[in-house]
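Report on one structure; see the data block that follows.
In this document, chain identifiers A, B, C and D correspond to the written order of the chains, with residue numbering beginning at 1 in each.
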Amino acid sequence: MDAQEIIGRRVARELRTGHLVNLGIGIPTLVANYVPSDIKVFFQSENGLIGTGPIPEQGLAHPLLTDAGGRPISALPGASTFDSAMSFGLIRGGHVDVTVLGGLQVDAEGRLANWMIPGKMVPGMGGAMDLVSGAKRVIVAMQHAARGKSKIVRKCTLPLTSSRTIDLVVTDIAVIGFPDGKATLMETAPGLTVAEVMAVTEAELVIPDTVPEMTI
Amino acid sequence: MDAQEIIGRRVARELRTGHLVNLGIGIPTLVANYVPSDIKVFFQSENGLIGTGPIPEQGLAHPLLTDAGGRPISALPGASTFDSAMSFGLIRGGHVDVTVLGGLQVDAEGRLANWMIPGKMVPGMGGAMDLVSGAKRVIVAMQHAARGKSKIVRKCTLPLTSSRTIDLVVTDIAVIGFPDGKATLMETAPGLTVAEVMAVTEAELVIPDTVPEMTI
Amino acid sequence: MKAISVEEAVAKIPAGASIMVGGFMGVGTPERLLDEVVRQHKTGLALISNDAAIPGKGIGKLFDAGLVSSLTASHIGLNPKAQQQMLANQIAVDLIPQGTLVERIRAGGCGLGGVLTPTGVGTTVAEGKRQIEIDGKAFLLETALRAQFALVHAFLADYLGNLSYALTARNFNPVIAMAADTVIVTAEHIVPVGVIAPDHVVTPAPLVDYLIANE
Amino acid sequence: MKAISVEEAVAKIPAGASIMVGGFMGVGTPERLLDEVVRQHKTGLALISNDAAIPGKGIGKLFDAGLVSSLTASHIGLNPKAQQQMLANQIAVDLIPQGTLVERIRAGGCGLGGVLTPTGVGTTVAEGKRQIEIDGKAFLLETALRAQFALVHAFLADYLGNLSYALTARNFNPVIAMAADTVIVTAEHIVPVGVIAPDHVVTPAPLVDYLIANE
């Protein structure tokens, strides 16, 4: 199982029937592929849709039905469409139960930086700041490290996405939560020891008495 | 022609094809009866309708189609319905071209008091404050005097509806505008002289060189 | 969303709860829920609604039964009972402009702290409120409004909880459906999923907690 | 509402005008209007839109033709031309959170001076903005946004100007239709009055100034 699949499968286990879920681009998008069939969630696309379905078959795509990246999607029975004011009313108003976003850095207190690398092109924050500020639960799904450097850092050096802290980080090697506002190792990826995770994590981690392996 | 009909007919002449118009309760409601057939306006009911039509025939009323007072109305072809946030977005956002409201007092600078008599029961301002603050043009339609006392006063003694001044008052004996912020006699009712209007008006009126009779 | 009986739904509302109720002069009000609130005699309610309707109809029933301890509304002019209870200090009444009321509820539902409105500047409505100038124009800062429960009346509800509304019965319903911790809905018709086209859904299913089932 | 040709409509837009354009990554954008804006070479536009789409599509065409002098948007990540023009200081770009952007436009359309949003507090977005505390929680004061022109794309438009939208092509269109001095609309289908049921009208007719007629 590759790193992205581990992350996608583990995040999917956080979803419950009835949840309204918003998935960011990149790894978060994969989560939809791993939702167990007995769990019925609503996926929101922030361009104005609840009830996103899979990519339509060849020849069935409709030009006015796309995801937030402009790619064709389908809509499940019971879907609803709305304008952008409603879409972000849902997001900022706490109606999104879970948002899953990519990350550049998450720090020891749960702050997220995911929209800007100073000195590089700034494409804009899109809906990320609203999602992190407003969703009931924020899960970051990302590789644990980039080019050998831990993305779980002591303190974010990149510009923050929100002053609101996130709830959970799922990486290819660990699940980290923030009880009492401190990064805490909740689970390790199959086959990895606590010490191995700590060794590749810049932030200091609180280590509970028992740290189970991820079930994926 | 009775006083109310004079007022209703004269106000109706202020409406233009394409106008979005909101009529308050009482005398303003009568305006709809006197709109010339070649003028096509949209009437808004602030409970969520553009395109209000006449009271439906006996037996055709629908319980979910009423005016802001809860009375059955009909909807004309091309009508639209919406929630209260949209309804007041239209009102406050300047999309209502003309609102016609009743008045308790209008003063020499064009301020309106129409929602509260201290010491009496306060039923609440409903949508009046939003209408006066937000409509493009505010016309007050009222009797010139109540119990022998002029309602066009030097200065409002009743609580104001808005700090925004109104554009026109149409009464049974005069049309008064507010160019340069001063109550100015624009027209007199048929058969009345300027002196007769001034005699029953508490506020000082600017009198232009020519004051035509109302065309109704 | 869970489909439950009207008795079960109303049993979830404690005495003294804050409730928003849809409807405009009794049109678009969840009558079955209000009848059951009266039957279960839920006292001390903090009620937020456009108006007080009239005795015997819509929200008026709550005043008839003496269940309201406070009311936030834009007018109560057509309900003499509500007026009497206000004058007798049995209920605390906060009368606010209708556009301000709906915008405060919308803010509560959309995660905004409040809005700046020109309505009420220079009037008694401005008393005790922060006034903020933007480009030389004065606005009142009106804060967000939420409640524990929203009692919503829809025209169509599908099995998932998607809602649509009819004609002037829409009014405050979709707005309060976003601004309460628990949203309870009655519908004129409960229909299969797909009967309401995606473009015609006004309140998306995830906003609805309980739908009152047919008997 | 007046039905006019696309040439006449665009001729009303002066060079340097502020324009809001509907669409989200090119979906729900009035392409015919943008093609004509390019043909008439309207330069120096102050553009307000969700994004910059991609070259050759939707709003992207305005960057291809070098017509934009400033852009207010939530992201331009998928349009390299817009990015190049930003880096070359040919266009001034103001990037703001998407929810804040749409709420600022809604405020402009609804006569609000602004809204208080938690989005951006404690980030670079907060720089230079008033921060207001309500019940101990911090919010940014985000002010209303309007434009001279809104270019709207609808699915159905009736002869009076009532509009409805399809699927995810709704996005910013109904919001900008309230926030501009002049509203110009293209529609996939122009239909007789009554084809759009009152409950399905999203943008009421009086908001529309010009509808682009079929050729």
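The rule is short, and it goes like this: a residue touches a chain if its C-beta (ideal position, glycine included) is under 8 Å from a C-beta of that chain, and two chains touch if they have at least 3 such contacts.
Values in this document were obtained by computation on a predicted structure and should not be read as measured data.
J.: Looking at chain pairs B-C and A-C, which one is connected by more C-beta pairs in contact?
T.: The greater number of contacts lies at B-C.
J.: Centroid of subunit B to centroid of subunit C, CA atoms only: how many Å?
T.: Roughly 29 Å, centre to centre.
J.: Let me have the rounded angstrom distance from the C-alpha centre of subunit C over to the C-alpha centre of subunit D, please.
T.: Roughly 32 Å, centre to centre.
J.: Subunit A to subunit C: how many Å between their CA centres?
T.: Roughly 34 Å, centre to centre.
J.: So how far apart, in whole Å, are subunit A and subunit B when each is placed at the average of its C-alpha atoms?
T.: Spacing between the chain centres: roughly 55 Å.
J.: What residues in subunit B touch two or more of the other chains?
T.: 49, 75, 81-82, 88, 91-92, 133-134
J.: Specify, in ascending order, the residues of subunit C that touch 2 or more different other chains.
T.: 103, 106, 110-112, 117-118, 165-167, 170, 198-199
J.: So which chains actually touch one another? I want all the pairs, not just one.
T.: Every touching chain pair, ordered by label, is A-C, A-D, B-C, B-D, C-D.
J.: Quick one: which bits of subunit C touch subunit A in the complex? Just the residue numbers, please.
T.: Residue list for subunit C touching subunit A: 1, 106, 108-112, 158-160, 162, 178-179, 193-194, 198-199, 201, 204-207.
J.: Using the touch definition from the top, list the residues of subunit C that touch subunit B in their complex.
T.: So the residues of subunit C touching subunit B come out as 24-28, 50-51, 53-54, 73-78, 83, 87, 95-100, 102-103, 106, 117-125, 138, 155, 165-175, 202.
J.: What part of subunit A is in contact with subunit C in the complex they form?
T.: For subunit A paired with subunit C, touching residues are 18-20, 42, 49-51, 75, 77-82, 88-95, 97, 133-134.
J.: What residues of subunit C sit close enough to touch subunit D in their complex?
T.: 103, 107, 110-118, 130, 132, 134, 137, 139, 141, 143-144, 164-167, 170, 198-200
J.: Within the complex, which stretch of subunit B touches subunit C?
T.: Within the complex, subunit B touches subunit C at residues 45-49, 62-66, 68-70, 75, 81-85, 87-88, 91-92, 116, 121-130, 133-134, 159-164.
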